[in-house]
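Below: one structure in structure tokens.
In order of appearance the chains are A, B, C and D, and numbering begins at 1 in each one.
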Amino acid sequence: MIIVMKPGCSQEDVSHVAHLVRERGLKDMVIVGTDRTVVAAIGDERLCDMTAIESAPMVDKLVPILAPYKAASREVKPTPSVIPIGAGVEVGGRKLCVIAGPCSVENEKQILTIAHAVKNAGAHALRGGAFKPRTNPYEFKGLGEDGLKLLAKARAETGLPVITEVMSIDQVPLVADYADVLQIGTRNMHNFNLLVAAGRTGKPVLLKRGWSATLAEFLLAAEYIMNEGNPNVILCERGIRTHETYVRNTLALGIIPAIKRESHLPIIIDPSQGTGHAYMVPSMSRAAIAAGADGLIIEVHSDPEHAMTDGAQSITPQVFAETMAQLALIAAAVGRAAK
Amino acid sequence: MIIVMKPGCSQEDVSHVAHLVRERGLKDMVIVGTDRTVVAAIGDERLCDMTAIESAPMVDKLVPILAPYKAASREVKPTPSVIPIGAGVEVGGRKLCVIAGPCSVENEKQILTIAHAVKNAGAHALRGGAFKPRTNPYEFKGLGEDGLKLLAKARAETGLPVITEVMSIDQVPLVADYADVLQIGTRNMHNFNLLVAAGRTGKPVLLKRGWSATLAEFLLAAEYIMNEGNPNVILCERGIRTHETYVRNTLALGIIPAIKRESHLPIIIDPSQGTGHAYMVPSMSRAAIAAGADGLIIEVHSDPEHAMTDGAQSITPQVFAETMAQLALIAAAVGRAAK
Amino acid sequence: MIIVMKPGCSQEDVSHVAHLVRERGLKDMVIVGTDRTVVAAIGDERLCDMTAIESAPMVDKLVPILAPYKAASREVKPTPSVIPIGAGVEVGGRKLCVIAGPCSVENEKQILTIAHAVKNAGAHALRGGAFKPRTNPYEFKGLGEDGLKLLAKARAETGLPVITEVMSIDQVPLVADYADVLQIGTRNMHNFNLLVAAGRTGKPVLLKRGWSATLAEFLLAAEYIMNEGNPNVILCERGIRTHETYVRNTLALGIIPAIKRESHLPIIIDPSQGTGHAYMVPSMSRAAIAAGADGLIIEVHSDPEHAMTDGAQSITPQVFAETMAQLALIAAAVGRAAK
Amino acid sequence: MIIVMKPGCSQEDVSHVAHLVRERGLKDMVIVGTDRTVVAAIGDERLCDMTAIESAPMVDKLVPILAPYKAASREVKPTPSVIPIGAGVEVGGRKLCVIAGPCSVENEKQILTIAHAVKNAGAHALRGGAFKPRTNPYEFKGLGEDGLKLLAKARAETGLPVITEVMSIDQVPLVADYADVLQIGTRNMHNFNLLVAAGRTGKPVLLKRGWSATLAEFLLAAEYIMNEGNPNVILCERGIRTHETYVRNTLALGIIPAIKRESHLPIIIDPSQGTGHAYMVPSMSRAAIAAGADGLIIEVHSDPEHAMTDGAQSITPQVFAETMAQLALIAAAVGRAAK
């Protein structure tokens, strides 16, 4: 942490700040510049609350030096993590992992039809929501445990591992009984109790970035899970909130190289949530893989016009199959494999 | 809902869309314009999922007409709601409600000192966190039930009703036992299970806007609480995420007249979270009241340099008292009273 | 500037960076922390391009310490600037300056009617556009010089100084002939050639913040004007682009205390552009003055339904008069005067 | 345009609005829904200012139906435009167009070295700034005409067409004398007088999106140029302002499929400005082409540590050559060619 003093600060002001630094167990070092005096706090600033120092007289601002995350950082673990999610499927290795399926599990016929279709097109895992977080309380909230049972049936028939969302700590044991991967949705990235509960299951967790979370907040949420002894975190970018209106969310693919630089955790992209429009999903899927993503999670529905949720952003099995064929070529161009 | 067709759509495309509208129980009305054909869907579009219609061939876009919220809207209840929060204090009436106190309850001496100080300066209620949502898992997370007990003691000594945050469904019964008002923080505005659990307690709920939530999402979150038979929701704006860096959050006070126009619920402002810097708190407090807010929630600490959380944005009891004096004048200018 | 090295950097990497610092005429100081090594560059980093140092091997990131602005900063001039704009009116003193008038000058009767109305209600200056920047090329672009002549006539009749926008360097001499204050609009805040040309006239310049400009960029734009020997810059906040949709722009009033802390220049608020809706203008006007703004610029039209531009955000003379009465009370509460 | 009335509006309110619609030369159609009454305005709403209707009593909101752009829209010209930029190079055809070169022309050796290097690596055109818009008035502003002469020399040596920025209307004739393509930078996207002046030269114009411009505003800016009889507009996305801090700008690649759907104009991507960090440029270049972009504009410098501008985001000729090799594979995967 660098503490920048205001112009005109006295020696006493600087000493007071240096004292506050030492109180927190760090070493202080005063640098007198031509325009400003700064106090460098040397040591692990992540172990104490430094921000209160901003309240001291004649402090202008605080400038953190260390990123606040540790366990998720490349600094701690320089080699990329590869997360096994069941049935021999991995996320983060040379082979991409494409997760596909409907937004919501609606009924047996629907989920089985789509599961077989995405399997045939080359998907590596199946998605489907049984508990649905809905902004609007009047809308369909999922089939609950019945939905989980149908996912298990689809897994039994196709061999695809199953990813499904858990919304609340009381659902964790139930969802963990059925799912291969627990998904934490964007609205819950900051639901720290849920992160802890999911971490304790030991199951792989797919963690979506909150729609206005910073990169650091995203990795700190991953650490909530990892700190429970669960290293199996898969990061997922699904678009951020911006001023743009031609998309439901702005898909910020720059996070792919940024995460690869900062963290050892794998990152996949959700081009369905990340745009909100089916017509954009194939191009954003290709872009994600070209940028270096470890995989994708895509909403596929065999009858989008009648989907109970997210119809506007669901692609058909046919479009999914065409996209998978293109992805194989892109993957090869970046030294990855789609199959 | 207005469904805008693409240029060049056929009669068959339009009929298909009209059919999709009728399938959802609404009436269709086709309007052929000079440049575009649109299909108006007449009826309560909030009762069914219309968005899937975007998937139909030759549909360009959907344009919703009705706001998605109901119970929170002025349309349903034209008169402002006044929420009693205990000890004769109300939020939403002619008299402002200023809630003040430390970010976190740290120890008995701290909370009692601050409680008495804010009481003496004219605060109407006491805030203080016992369960703290922390972005960083390595930071202080609050005293838990011990903190709640200290808040109860401060209430007993000062007569101030107590507002404190509940982070997770399993904490709801405990927090409801101690608190006069349950606070749902910005990170949990979309934690729908928590909204429901808080709603069921019947206690007043202070609901903070998510830092990238829209106005509609904010009111829909309120409806999650209200739909449990609990009309006592106090809205709270605490700043949004933008590109600005001289603040921790951008305080968007335009939401005050917007909420007053759209909803009957009271709205208060958090100038501490809403800026992140103590030096901005007095001016933003004055601005909020001038804009028509029903109250404020302000972080006050008697030793900000050593506050365990949020020191940088906590004002001292002295600054709080000076601010309260200014607020009394502003309140009078807008036909409100501070005492 | 603080240059943070990556973990594992060699002594050679650090020496190389220190060399790059010295090449730029600054002094280097190496600080070896427990987790990271940083190189502090001591001296006026504003005089050279430091950012290229990010390209050096093993550099993690650069952290600027000095704000990039100088002439506009309080550091250089600690006392607030008071800008005279003609007819004895000043901006930045104890007395507020409220500028009011139509978005566009439409015809003689319109501008004179409105000018008299706002004068009677207590406005201190008259606004009105003769050259209108329009996002849409098919819309009304203003009366040009005829509009300027009508503004001059309104000034002659009412005694109000006139503020009007200049869009392009070739309009500067003409507009400067008629106007008391040149307005640089939000779309031109980064039009550096226009800033220079306006600066050279010596006339006071009302500079609106670009809708996604940072505070530093805003003050640097002011310095473009000031560097031409023209200290008479009035800053104007008019809302930023965010994810919010209930407003056309998000009015970020936190900029008022921030500018007061960072700069000696006066700042006024545009609640019309800053919200886009007439119903919000009175409350945001009150909020701005309560927050400490030096004045307002408000769109007033006697027939908003038929205004050629900005009808939706124009208030009537009657609403303006009511607002002025409230502002007088608010001003008194913050130690200012409205008259 | 759909005009939504407030609940409880009278027949008189509706008639008044219908009258306002007819006054503007459009046809009105009243639709009485179960919850709301709306008035549809039928006709080309782009030809008149509809927004003032929001001021009428009991109007809740206006909902535009038609996109405001025309000449740039696919509706008017369904086939993609291919823009010739000289020396047989085109933008928008099957073959990609990669423009590369330094941010600024610094001296003869620098520009010639880089021009040859990018040519050898497969670039199709040369970029280089002679007039530099600088946020900070104290920084290097380019070599001016001397820079243009050096660009012409580089073109003569390499055969690459030259793209360079024009900042102000008075520079237009000079820059048009030397350049093959005029670049309008992000800060000037809303500088309408400059758009008109550039349009009148007849030269191809590379138009960068303003950093908070909407898609509609971007296309309307293109129409300012096209309305001068110049159809040769190349759109360029270069990142938007968001809350993200690990990038200088957030590169929103979803604009590629959106523009392809809405407009016939070609779109290229600037991954240098669009991220601000050299390490992200290769992956974002690949992503852009995979998403369907028609080309790229990339900052390349042979000594980024000493670049006078934008060193942090400039890649070396070697990295550029490696990137071009990858792009050839990606291009093939999406049915395009890099050579």
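FYI, a residue touches a chain if its C-beta (ideal position, glycine included) is under 8 Å from a C-beta of that chain, and two chains touch if they have at least 3 such contacts.
Keep in mind that what you see is a predicted model, and the values were worked out from it rather than measured.
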More contacting C-beta pairs: A-C or A-D? The answer is A-D
Per mean C-alpha coordinates, the chain lying farthest from subunit A is C
In whole angstrom, the CA-centroid distance of subunit A from subunit C equals 38
Averaging C-alpha coordinates per chain, one finds the centres of subunit A and subunit D separated by a number of Å equal to 30
Residues of subunit B that touch at least two other chains are 212, 240-243, 245
Subunit C partner, complex, touching residues on subunit B are 212, 214-215, 240, 242-247, 250-258, 261-262, 274-275, 279-280, 283-284, 286-292, 326, 329-330, 332-334
Per the touch rule, the subunit D residues reaching subunit B in their complex are 2, 4, 7, 29, 31, 33-36, 38, 40, 42-44, 63, 65-66, 75, 241-243, 245
Touching subunit D in the complex, subunit C uses residues 20, 46-47, 49, 51-56, 62, 68, 70, 133-140, 167-170, 187-188, 190-194, 211-212, 217, 220-221, 223-224, 227, 240-241, 277-278, 304-312, 314
